Structure formats: C-alpha cells, structure tokens
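The structure appears right after this line, and notes come after that.
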C-alpha cells in the first residue's frame, strides 16, 4: 500500500518525518524521557501534597473511624440485628460488598497479569495502580466477610489449624473453598504487587532522606539491580503472571459458587462462574478508569505517564468486557426465563415487576445498554472524565447487580409464606466505611508508593522504536527476552 | 442402620435410607392452626421472642410456623389447610454440607440434622440453603435485652429466665438454631429405655409440639418401625412430603384432606 | 481421634478448666470411662438431673384443663396437659403452654402495696400483717350489705370460700365475671338449654360423634367454652371414623379460625343466624318428606335467603347435607348469640338438633354434668347483671369492693362505665397478681399467688361428659411476697372474729379445700378411692383432681324444642355506621394473655398478626374507601371510638369489620404495652412523648361496644354499627406471613 | 595476590557491552563480573552468560508441597474426626479438586516469592557495592581483577566510554 500510494494523485511525495515523529510523541512509549527525569517526576508526584489532600484525607479518616470501626464494633456488640438481614434474606449488603470488592480486585490482576502475558504495552504505566486496587479491594472484601459473620470472634474456627476442638473445617462447604481461594488470592496478589515494586522502592530509596529513606530501605530489601536479582525477579514475575490468572478466575468462580451451589431459585446456575468473572472484570475496568482519571487530574506529572492512549485502550477493553458480560448475563437470564420452573418464574416476576424492578432495569441499562453505545466513540474513550463517568456508571450497575443477586433474589424462595423484601439498615454505614477505607488506603499509598512502575516504563520505552518501512516510520517493538 | 459414607458409587447411593429413623406426621386435615405447638415449642426449647418490630421484619425465632394461604375470592374464598412448617430433618439435608465449621452435622445415631450451637460462627449459609426456610438466627441477645429485666438492688434480673429448660441450650447472638425434634427428649427416653434394658416404645415420649397439639394432628415416632403409629399414618395414601423433588429426603409427612 | 481416659483424669481435666466437651454415656459400668469428643454434638446430649412433676389446673381460662408441670430445682420448666384429666386428656392450648410466662412475668405485683388509685404501680409497700388487718377491718367495720366481691371465673375454690363468707355475714353473693364468658354468651346458652333441652346448664356439643357439623358462629376451636376439648372433638369428627370423614359447615360473617377449618364457610349478615337455622330446618323437613315441625313452620325460606345474603341454592345444598347426614349437629355460638336476638338464634339452632333428634345422644347436644362438689350450675354474671352491679356501685351503696381474678376496666365495654363507678366506692381492694387496669385503680393491691403457686380447684363446667373437679396445687414456692387470697380472707376472718371467724374456721386454704372435697371421700365412681381425707387429698394432688370414670348424660327430650312457636325477630343494631362491627376474642391472647410475651409473639392463626390489633376489612370495601393495609382507621360507634391498623382480609363479609379483643391495655405490664423507641425503622404511628414512654399496644374493641343486651342479658357485642374514618397515619402491622407471597403485595395484581 | 574490585558506570548498554567484552579479553572471567542496572537488561545484550536461578525449581517444589497439603486437608483431615454431612461423600473428589488447586497455587506462589528472597539473598541490609545512579538508568559493571591490572583496566574502560571507573566500596544503601 505504501508503495502504491505514492502514485496516487495528490499523495504527498515527501513525508514530513518531523510531523510523523510528533504524531508518535503522543504515545508514552515514543515520548521517552531520561530515566532520571522520570524518577524525579514520580518522586515529586509523591511528595507534592496540597492542603486539599489532607482535607479529604481527614474527612475520610473520620468516616472510616465512625462508619467502619465504630459501626462494626457496635454491630459486634449488639448483634446483626442492627443490619438489614432477616429471614429470608439471611445474606445482605455485607456479601454484596464482598462480591463487589472482589470484583474490583480483578481489574488489577487482569491488567498486570493477562496484559503482561500477552505483552499489551499500554499496560505499563498503570499496572501498579491497578494492582493496588486488587490488594485494597481484597482487604475490603475480607473485612466485609467478617462483618457478615454472626460470631466474628470465632472466625478462626474456619481456618484449617490443628486445635483443641479436634476438628478441622468442613471442606464440603463452598465457604471453605472461598476462604482458601480468597486467602490464596490475597497473598498471591499482594506478592505480585510487591515483586515489581522492589526496583521502584530501591529507586525511591536512592532519592530519599529522613524517615522515607529508612522506610524505603527496609522495603527495598537491599535490592541493587544485579543481573541475578533481576533474573530471579523476572522469573518470579513471569511465573506469577501465569499462575495468578487461574487463581483470579478461580476466586470469583468460587465466590459465584457460594450462590450457585445453593439450591435456590435464581442462584443454582452453571453459568454463574464465568458470569461472575466477567462481571468482576466489568466493574474492575470501570474502577481502573476512575482511578486513572483521579490520578491524572490530582497528581503532579501524571499527565505524562497516563495519556489519552491509555484511556482509549481501557475504553476498548471495557467495550470488549461489556460484550462478554452481556453474553453471560443473557446466557444466565434466558435459561432461567425459558425453564419455566415455578420457583424461578416467581423470582423473575419479582425481579422485573416487583418493588426492586427499577434496580433491575437500571442494572441492565448501566451494565449492558449504555456502555457500548458510548464506548464506540473514540472521542468519548479519549476523554478521561467521560470514561471515568462511564466507569462509575458501570460500577453502580454492577453494585446493583450484586444487590439483586443477593438480598433481592433471596427474598424469593420455595416457601412463599416467608418472602420478604430486604431493607438496608446499618449496613449502609459499613458500606460507606469500606468505600472510604479503600480510598483512604489508596490516598496513603499514593504518598508512599511510586504509583508508576518507572522501570517498566523505561523498559518499554527502550523496547519501542520507530522503524522505517518504505517511506513511513512504523512503531516497532523489540522483544528483549 | 449406619451408612458407610465412604462407599464409592452414585451420589444418591450414599444417602441414608429414604425411611430415616425418627419421623413425624402432621395431619393437615385436623390441624386447626391454634398455635399451641408453636407456644409449646417455644416453651420447651428456650426460644426467645423478638418483639413487635423484629417479628414483623422476619426475625421471629419460631422453630415451627403455621402457614396459611388463600384460594379464590370472596365469597368463594378458602383458606388453604393450615400447614405447620418445621425442620424436616432431611436425610439428605442441603444445610449440612455448606457449613464451614460442621455446626450442622448429621447424627448417624438418630439420623437427625443437628444444630451444634457452640460451633456455629454465624455464616448463615445453612439458612440460605434450606429450601423450607425453617432456620432462625439469633440476630441479637434477645434473652438479655435490658427492657425485659427488672433492676433489683442494682442488678438486672430476668424473671423470665427461671423458665429456661436446663436440657436445652440458651442461644446467644450470632448463632443459628432450628427445630431439633426435641432431641433432649429423644435422649432421655432412649437412655431410660437402655437402663431398663429395652427399646424405646412407640408413644413413650413425644416432641413438645405433638404433646401439646389439642387435635392430635402431630404424631412423632419411629418411621422405620412399621408397626408404629407414625409409620402407619405416614404410609397413608394422603401422605405427602414437601419439596421431595429436591431429593432432600424429608422426615415429616403431611397428611392432606381427603 | 476420640480417646479413652479414666474418670479420674477427666475430673482432673475438668478442674483444670479444660474446655472439653464431655459426654457421660449413661450410669452403668460404662460410665467408668468418659469419651472425649469434639465439639460436634449438641449440648442437648447431656444430662441435668431429675425433674419433678406436679399436677395442677390451668388458670388461663375457666375451662379447668389439667396440667402437669415439670419442675427442676424449684423452678417450673414446662407446663403440659394432664393426660388423666377428662377435659383436656393431656393436651393444652397455646395459652396454657404460656402460663409459665405469667408465673415468671417481670411485671408481677411483688408485695402488698397501698395503691391509692395511681396510674402506675405504687412504690408504697405494706406488710402482710397490716394488709390482713386492713381486710379484717374492712369486713368487720362495714355493713355487710355494703360489701361487694367481684371475682373472676377461676378459681372455683375461692368463689366457694367467698360465698361461704358472704352467706355467713349476710353480704351480697360474690359476682363473677370474665370477658371470655361475655363473648361466649354463657347466659344465653344456659337459658337456651333451659328452654330447649328442658334443663338449665351449659350445653355440650358432642362433635366427636357427629358426622356433619353446622356451626353458627361458634368459635369452638379458638376460645369458646373449652377449646381444647372441642378441638379434640373436631379432630375425632374429621378423622375419628375411618369410613367417613366428618363434614363441617360454618356460618359466620367473617372467616374465623374455626370457619377456616370448615369445609364450607358461608358468610352471612350478622343477626340472621337464627333465621337461617329455621330455614334449614324447614328445608330439611321438606326434603325428608316428614311434616314440618311447628318451630320451623312460620319461616319463609326465600325471605331468609334475601335477609341473610345466602343464595337459596346454598341453603338447599346445606339442607341436603343435613338430610343425608347420619349424625348432624348444629352449634350456636359466637356472634350468633351476641345479638339482640341471640337467645332466639340459639333456640332456633338448637331446634335443628332437635330435628335431628340428637338431644342427649352421642354426636348431639348434651348437657354438661355438674362438677362433683357442685349443687347447681353457677353461671358467671352476664353483661346486664354487670350493668346492675355497676349501677349499685354508682349508687354509693357499696363501701368496700374486693376484686379478684378479673379486670373489668379492660374487659367490660367502656359504655358500662365501670371505671367511673369505682370512684363511688370508698375502698377498693384488689387481689390482682398483675398490675392490670383495675388493680391500678384500686386503693390497695394485696397480690394473690400466680395460679401455679396456688392451691385450689376448678370445676369443669363443660368440655367433658364426666363430672370433673380439677385440683390445683403449688408447683413452685412463691416467687414474691404474695399471699393466697383465701389465706388472707381466712386470716382476716379470724382477726375479725365473730360471725366471720365462724364462717371460715379453717387454719388455712388447704383445710378449706379439704372441707370442700370431703364429700367425695369413699366415692367409688371416681378416678380414685380414698378412705379418709389425708389420703384423699394426696391422691387429689397426685391425680390433679377427682372425676367420675363414666360419662353421664341426662335424658333430654327434643319435643319442647320442636313444638313451639319461635319468633326470631330481626336483630337490632345500635348506631348509624355503615359497617356491622364484630369483635372476637383473640385466639392466641384470650382475655388476659397480653402480658405474656410469647402469646404476643404467636401469630394470629388467620391474619398472622403479632403484637398488635388489626381491623379486618374486605379488600373490595377497603378499595372503595381508598384504604390500604396498615392504614390506621378510626372505628367510631355511638359508644366510643378506637384506632387500629387495617388488615385487608379476603374472607369477611363486605359489610362487616372485625377486630380481635385482647389488646389495647393501658396498664398490665411491659409486654401488654408498647414503648416509644428511639429509632423507628418500621413506621409506626407517630406519638408524642419521651422515648421509653409506654402506650397502649393495639386497641380494645370493647371501647366501641354499647350497653345492649340480648334476651338472656348477655351483651349484644356483635350488635353495633360503626363508621370508619381514615386517619392518614400508618402502623406497620407485624405479620408472620409474607405480604408478597400470600397477597402478592408489591407485585402487579392479576385480574384487577 | 591481592585483588581489587572496581566499578565502572556506563551511560548506555552498548558501551557497557563493549566494556564487558574488553574485560573478557583482559582476562576477567564472567564469574568476576557483575552488572547492576535500573532496568532488566537481557544477558545476551551484554554478552553475559545466562544467570542461574532456582526460582522455578522452588515454585515447582512449592506446588508439590501445596498439592500434598491439599491432599491432607481434603482426604486426611476428615479421618481425624469423622463428621458426616447430608448427602455427601466423606471425602468427596470434586470439591477436593478445588482444595487441591487452591493449595497448589498458594504454595507455589509463596515458594516463588520466597524463592526470590532466597536466591537474591533478601532482605539484606549489609553495606554493599552500589552506585545510586543505576536507578537513573545508568549501567554499572563491577568486577574483580588483580590489583596490578586495575589501573590498566580502568584506562581501557574509560576509553570505551565509562563515565567513571573507581574502586567499589561497600556502603550502606
């Protein structure tokens, strides 16, 4: 084509190579800066803290203290009656939060592991931001599970430890699978967050003084960047990238099995596993968009690292995930709809015509109908605030989805005499508490941890070059491995 | 009869004999819905009352409830026969395997579905998985709500606690509970029979609900003894089990009209 | 992993405080070893020592069901029916089960107090010596004609004692009353029995041997007369005959719990029950080809069909059922009697039995035998007699009023004005166990024991054809500083001396009871034989009473019931409202169950409402009035008004509204009252006041009842017409049932 | 024969690669050379041998240990005390798969993580030879040679574009 084009009338004979380079400059990988400069930018972004940050931080701290710690303590002391749970919705908002946060956590793994495996280069600047979401999201998910328990002070009875009660936990129970899977995932994703962080911590160590120096020194573990260290690290990261993907899939699948294994109308569905995984990615991608937007707008120098191209790529991912999610949603829905089982019929009747129908249809609109309509447009994809808005919308939709699956679906069962609609009570405060805590952790992390994996960016920039093919310069990616 | 749960085979094959051991029949044709069984159960088993607000919000602790629906419209309206609903003591109980801490195991000796309060950590999965919705959760320490006690010389005393049946655990908050088929009575009768060197006789003892029932609609006994009253009632043509299609092997038979 | 360790080791372990779940495996040689097992067995597998069982009598209503109370370490644990007692044969109703909640109620009157008619329980304590002296002085220093005793329907021994006392000093006989007897219309039944069966007394309907039951408003499965006995009869009627399942038809304007068990519930307008019975009689007579008896001859079936609202075909259908039945039985009761024409209704319904020729026969209308130590049937006062009594109080001719076992301020219609009449009595002494409305309005409360702490006996007025006297004995020692009223009176009489002391020459209550049962010593037709009083008393305690082993049935003639003219006049309804008002006794609460929390938490069998009062209204009517569930309405009659939340009840005549009696206490302890809560997550009526303030739980339908009576003097409680007004407020009724699953609430309605 | 440890800092990969080649020529063997860099640099680029690592072996070991632990949990622990639950095999295989999978993965991941620590001698807060410029993208080559050859090598490397060549001294990082 390039050969033919020069014979076309009006085709430019001489390429403006300079302009072409400018074109490529919009991509981070073709806009390299010296490593030292990038380091300085990242360090500065951590150190530049405005008073607004502290105001928000203070407010969030108060909310966490009241809505998380105090409210939880009160609930432990008083019993779960302060929450909205009852017969038949024995599970309420706490498990909605659990599923939601586990869903959010999937984004980090997806971006840093799957995209790493497939060498999707746009991932480089925001893998860490996404992985932090995984870890912090899982902390909230775990806390929500414990909030949900009636006797949380005995939760250690679920751990497979030798004990004087001479009993081991019941491995028939999906909750035990859940416990093991989430433990694996929390540990795995935290380690996977930490490994690529070591070189950046070493970088920060080299540029800090005072308490930060000590902090980074301890965390960097004495990393210097010798060939051996890199080799071990890369090997481990490659292993993690591959190994954490099945763990990630297993976690949300097992979470879905908590529901799917139960013999309840609406829950007992074989498609729940992949449906939940896709749902998780759906909300996770949306959350990443929000986080990137906030990072880019509030932190110094982030517009260098996080660019329109990243939002565009994320938007495409979101679009793809939306379609996949839609597929599974429909797959789940039509089987239930067509089956005609009395209990399921009652349930669908309830969902679509009952008092929570607004939530059901909002969920469909937010998750399935609106995102693809908007995400088709490159312009919208490349507008960070719009993408963030879509991300928030998807997350609201996904929260509704979990809310519908847990308390609203639980309202209907095989005993019509017990049907009852769930009313959220103090669980609302605790939900606000977990959200605030997530944000608080993130804010804290943004001051302490280099949110941009500088060495990965530099590695990418080294690997990218423009190669002249005919008259055009085309981006080229070298494989150093 | 004990079942070797390690038998290799089809999943259904390892379930207990469909018969079970202790069973109950409830004659809906003569059940008058009078709630005597509900009261008797509460009195026997130290069940806490929850108060107006919680009761209306689906937190009542009844181990047995009497269901009634409507058919038709005025004046041809008919209330469906009263249907006492209690734990069906499934031989193949969906609540049992889902508990992470074995708080609701199956007793091989009695072939009943136990609820071990002191092991329960309150995940409430069992209640979700119970197709009969007969499990109730202690949402709070209802027994010791201060308003239920009197201040005597600076100490809060609860006169109502005098009534507690010492054979039955008083459950605290965060614990699941359900009908036990009055297992304390079963044990007492069994041990009495054992010390006298005999088998438990049919009708020697019964559950609190059956004992109170003024219409004698509830019969309790050994369903695996063909000559027992409950077994004969159960095998009537009008006998029916609830949600049998779920393969839960319920031990309660409902006798319909006709 | 269970391991065997010796008992010695086990004790060591136990003393070391090891949290070991240990199970003793019996008491034989096997107990040399204990097995350490994991935490997988229920604690219910363990032993807690031996229980002691005492036979006594239930005092939750006057039926006289025998109880066996299980006690352990001095505490009453569980009340069960006494299998030997012929009234209940080992069974109990819900109220009987909950009797322990009365014994251990946190709101008992714990010591004698000078009340001085305060609204709350007074803190001014007294000691029993002063209290007894006070009673003695009151008895001694008052003109006997100016002393009045107002007593409940239980227990009978105290009634006998007071009767002896009043007879001796020439005071008026004690007046007995109970809301249950008011709603049962006992006077009407007794009068109807006298007119139709030829003998006064309480009729007993032998359901068990009938194969067709036609019930006219009789709520015999709920609270009526002897519900446990009647429920047993019902079960026998339904399933007792292996060849034929008994059939039941129920006429009532709303579907009560009893109606729900009927095979056919036929709604009709209140007050037309007697006419319907006559029409049925005529149709049956015509169908069987015999001559139409005089009593049925004047009725116009077509006219009855129009007045009652029952289609003619339906009447004919029921008549054909009766004609085909082997042993049909018609039962009058409930709202059929609580009308201005109640007695005529009762007679008309009894005439149906006469037509079936079942008087005094198995499966028919029988006359309850008198209890063993009873000379004549003492019926509780009817409402007209209560009105006269109140007039007497108002006239100021009563100087001292003793109240025991009854709470007339709550139980009597407000229109009768009992509360105001109390003001005219200088001294009111209450012997109440609980701080109920009447007790709080008294000058003194000298609390009696709870029934389970007390001696006594109760005559079974009906419920069995065996003449029965059910004995009561304390099953626990008294919880509080209470004293048996009988003992107080005996002691007061001794202190007063003179005629009083002569009338009650007993050392204590037990001696008095012994004197009353002494006539049964040596009788061989009873449940036990004892040669002298001490062994008789111990047997009496052990058996829980004395009853004849054989049923006895008076020979009754149907002729009188058939060969007479019976004019069933149209019922007269008081007031201008558009709705017939039908109050009924709550089947779970009864007249005095509101302070027992578990009775409050028992769902009403039909509406499943807990802890509150509702107004049952036909959904179509409600729709026209723009009323929804939980809308608070004002029910207004000419006598008063009450507020309660609406329950759209699908099985009620569109022109009728119904309300349960039992709630709406303005006193009677914390469970009978509601309390303002700090945060109301479920919307209730907004009320003024401080957090924690008590206010009435629910409403008392007696407040809208007027002073109208039927021919026998019973209250025409179903004879009011009322208006209803929407207040605009909501009160979320706590229901056990699902509004979604049962009524499709929140889902689009099909067919509307 | 005394030895000197020198540290040469390079701006880019190419001069560093050349320098390493030169060092080989000068008789400094690969065992005596190490490279410190701020980004992972493939060994081929520098003409260095493939550095050995035990991480994958440890992962494998962890996986096997995890698998065995999973076996113990699912098929072993029920035998320690037997509690039957409704309609389930005593030691069911399908749920066991989940336990086996999760435990295998957990132990493998833990072992991998620990493997990095073991192989890299983490954490190590001892003084070490290091230049902070490395994290700015420079490449540092440090090598051991005979004391007498140090000067010569320094000059050679300087000619090849080393920013500095100086004796490496261990310092607190």
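The chains carry the letters A, B, C and D, assigned in the order they are written, with residues numbered from 1 in each.
In the analysis below, a residue touches a chain if its C-beta (ideal position, glycine included) is under 8 Å from a C-beta of that chain, and two chains touch if they have at least 3 such contacts.
Predicted model, so just to flag it, every value in this text is computed and none were measured.
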Chains in simultaneous contact with chain A and chain B: C, D
Central chain of the complex, centres being mean CA coordinates: B
Remotest chain, chain A as reference, centres from CA atoms: C
For chain A paired with chain C, centre-to-centre distance based on mean C-alpha positions, whole Å: 65
Intercentroid distance (Cα basis), chain D paired with chain C, Å: 87
Chain A and chain D: spacing of chain centres that average the CA atoms, whole Å: 29
Chain C residues counted as touching two or more neighbouring chains: 1, 38-40, 681, 736-737, 742
Sites on chain B at which at least two other chains make contact: 57, 60, 65, 67, 69, 94, 97, 99, 102, 105, 119
For chain D, residues that touch 2 or more chains besides their own: 80-81, 83, 85, 88
Residues of chain D that touch chain B when the two form their complex: 83-91
Residues of chain B touching chain A in the complex: 54, 57-60, 65, 67, 69, 85, 94, 97-102, 119-125, 127-129, 131-133, 135-141, 173-176, 243, 246
Interface residues, chain B side, partner chain C - complex: 27, 29-30, 32-36, 38-40, 42-44, 49-53, 55-57, 60, 62, 65-70, 73-75, 77-79, 82, 102, 105, 107, 114-119, 147-150, 158-169, 180, 183-184, 187, 191, 194-195, 208, 211-217, 257-258
Touching residues on chain A, where the partner in the complex is chain D: 34-36, 39, 160, 166-168, 170-172, 176-177, 180-181, 183-184, 187-188, 191-192, 194-195, 199, 202-203, 205-207, 217-218, 220-236, 239-240, 243-244, 246-247, 250, 254, 455, 458-459, 462, 480-481
Of chain C, residues touching chain B in the complex: 21, 26-28, 39-45, 47-49, 72-73, 75-81, 88, 90-98, 100-101, 103-106, 108, 221-222, 227-228, 231-232, 234-235, 238-239, 245, 255, 257-258, 260-261, 265-267, 479, 587-588, 597-603, 605-606, 608, 610-612, 618-620, 650-652, 654, 670, 674-675, 677, 680-682, 697, 732-737, 742-743
